[in-house]
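Per-chain residue numbering starts at 1, and chain names A, B and C are given in the order in which the chains are listed.
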Amino acid sequence: MAVVIQNIIVYTIIWGSIYLLISMGFSLICGVLRIFHLGYGATFVIAAYGTWLFMSGMGLGLIPSIILMFLLQIAIAILVFYKGVFQRYLDEEENLLVISMLIFMAVAHFANYLYPTTSGVNLPTALVTGMAKIGAVNISYEMIAAAAVGVVVTGLFVLMFLKTRTGLIIRSMSQDIYAAKLMGVSVDNMYYLAMILSIIPPTICILMIAPFWGIDPFMGASLLMTAMLIAILGGLGNLKGNIIASYLIAFIHFSVSFLWAPRFMGLAALVVTLIFLIVKRGGLMAGETIW
Amino acid sequence: MVKFELKRDRILLRWGLEKLEWCIEPRYWRNPIIGVALLLILPLFFYSFPHLLTMLTTANLLACLAIPLSLQILGTARVNFGPQLYLGIGGYTAALLNLHFGWSPFFTLIATVIVCGSVALLLSPTTWIAKGLYFSLLTLILPLTFLDLTYQFGDLFRGEVGLFGMSPLLDLGRVRWNYMAYYYLSLFMMLLFILIADKIGRSRFGVTLAAINENEDVARMMGIDVSKYKVFYYVFPSILTGIVGWFIVHTFRSFAGITYLPLDYMLKVLIIVIIGGRAFVYGAVPGAYFVAIIEEVLRGFGHINQWVFPLVLIAMILILPRGEGLWGLYHKRHPRDYFPKLHVRRE
Amino acid sequence: MIEIKNIGIKFGGLQALDNVSFSVGKGEVVGLIGPNGAGKTTMMNIICGLYKPTEGTIDFEGTRITGLTSNKICHLGISRTYQIPQPFYAMTALGGVTVSVLNGKKRPNMCLSDAGLEASYYLEFVGLFAKRDELASNLNLYELRMLELARALATTPKLLLLDEVMAGLNPVESNRALDMIWSAQDQFGITLLWIEHVMKIIMNAAQRIVVLQYGKKIAEGPPAEIVKDPRIIEAYLGGKRK
């Protein structure tokens, strides 16, 4: 029994930190742009397949590929998503959501067309190899490294929001956009910045978890699902709620997994979120502002 | 002799002192008859191309999915991003009961209605308790979780392969005749759904439906019990969707969750609601035929169709007039009809 | 007819209403005035069931209405208009009033055409019959206000809550609206609780006036007394310089 509890605790902490990375971009866009970026799954797919495209298709090294992939992500996020979809359909949200999803589908299928699952895509981003042993739990160093990176990135984001001037501006925008405009905030530039910032966590996440998470063109859907569940539970657009909800969902996943059966992980998380929504209408931190 | 005049919205035939007028207006009752007659005659041209017949049947079924979805969006005042959940639930119920217990299609229909109704009733509180966008995102997640479940219980649901070999609704002996029969059955179901939605829309409940869609709080102040209507407009379309699942099981005789539950299928149905435009019921028919035909045409181009199809659909949304869709290109607007606007609500 | 006892409501840290009590008798016209932010519309929202008060109760003809949902309160006989008109924009004027007719009271046997007939009667009463097929998004402010009035009257209320009906209307339209309200009170025999800023209208129309400031009731009485009360003058215009 003690082994099971140790497993649950260790996996909750490790995977909670990884879920932080998965869901933070989605929450950021929810909180700042007040739009549900259903094309968020495309970020994961482009991160993995973009890097692979530059590495194997053009024969570049790992670091240049990653840099080029970042640039590609930024271009797609701003040109395709922000300018092409969000700005045009701001008052017709159903079109906005459907087009974002269609773009995600197109990207995923395109990646599948170029590099189907059988073509052996793998990103050599492993930082450390080997297994660690924490108490009675065997866990790979790579997972611990991914979790640590998750915590560091989240910490940097929180620091940015709390301590820097840009963070203050973004927080004010998410609370009351009209007041922010009246104060002279350059809203468009800040939206660009928010879109760029939202790319960083999922890209880093994919790069870190590539060694132990299978890369597959349609992984964006399940990752988006997890991100949305965490965002819903934590209160859409609220970073504090997001952080708490990441660990909460990880806890639910792994306690169900170790105490009962791994196959009920997703369903248990969904049921708990549903119950939570019925009890407290808006999720954990229902302020719907970024912090 | 016979003079033939074309006016802006009508065709006039004159001979001697007599005059025959034909209004080109969809609400004029003769025009739907033309449309239905066209649909009835259509398969006779495709008798020797069974895969085209399947395409038309799929088009009818997609329309059958879009009509309850639009009813649900209007009635619950929330956008439902996961209508295919009840398709999956209904389909699997019918398939499993038929395969393992040997129930005939009639009894599986009753079971489908009961199961879908109970699940919908269970989930209906989310329509008024959860805030608008939370509900929409939840409905997005639910079918994917159900798909996950079908994989986990692979021995029961047969995962990716799916269930096959269910008993057919009717068997006319020759395969070609079966395809024709299935087309006519699906056409009949689609017309039935359109009739139901039309009757609801033109009745006193249709006015209430419009009020709930426009402004919930004001509607509540007018004396409308919004929660009760939301439950009805969530459960009833879900049951209709489940019936479509039952139909798929017993005509195509195979059912795999992977075909119907993921996002691709949902996007097809949602696109029909959006392309079909604000006429919300009749627009589903041209929308569904359009999507099914495009999919079939693109399939001819090989593997590239997977990612070109979403791009074509995006182009359709961008090109067609905003809010009006395909139906707006044709329909003469009359203010007495209520043209609903889909609101994606946050509250 | 309606008794409001010790109503208090808090929004976060703001005490919007504090221990407000008054009552309205059958057939009376009572005005509710006060400077901006006094809590008048909040009071109206509480009566209609939109908010739940943190303390206090409201009784309407003997029934407690403080916990009920808005539609039950509407069926009991309370109806309201909105300060900023909230019509159903994509529906015609006739459609909007038909909704009220069908749902204002329990009408199990009314079909759509009968409801349309009754709705057109109400529209004709407020003078909008010619515009019955116009979409509500095409009507001007006076017509929207009249549409609100027709919609509220169509639910056959016993108590009508009017929220700043005269705001934004020019004097000609104000007089017409006032006449409309008078004839509504006459013909349908309804009680009026009226929030208003235009003093000339409310002082002539109301029999009794309740004054709110910062969420508290500071005076109540006939208009002649209220006009002379120094507290009211101070609330609106500020005190004399000492």
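Assume a contact is a pair of C-beta atoms (placed from the backbone, for glycine too) under 8 Å apart; a residue touches a chain by one contact, two chains touch by 3 or more.
Keep in mind that what you see is a predicted model, and the values were worked out from it rather than measured.
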Pairwise touch network: line, ring, star, complete, or other: line
Two chains sharing the most contacts, counting C-beta pairs only: A-B
Between chain A and chain B, centroid-to-centroid distance (C-alpha), Å: 33
Intercentroid distance (Cα basis), chain C paired with chain B, Å: 43
Centre distance in Å when chain A and chain C are each reduced to the mean of their C-alpha atoms: 49
Chain B to chain A touching residues, read off their complex: 79, 81, 125-126, 129-131, 133-134, 136-138, 140-142, 144-145, 148-149, 152-153, 262-264, 267, 270-271, 274, 303-304, 306-307, 310-311, 313-314, 317, 322-323, 342-344
Chain B residues within the chain C interface of the complex: 202-204, 206-208, 210-211, 214-215, 217-226, 335-336, 338-341
Chain B contact footprint on chain C (complex, rising order): 48, 50, 69-71, 74-75, 79-80, 82, 86, 88-92, 95-96, 98-100, 102-105, 110-112, 115, 133-135, 151, 155
Interface residues, chain A side, partner chain B - complex: 36, 38, 92-95, 97-99, 101-107, 109-110, 112-113, 221-222, 225, 228-229, 231-232, 236, 263-264, 266-267, 270, 273-274, 277-278, 281-283
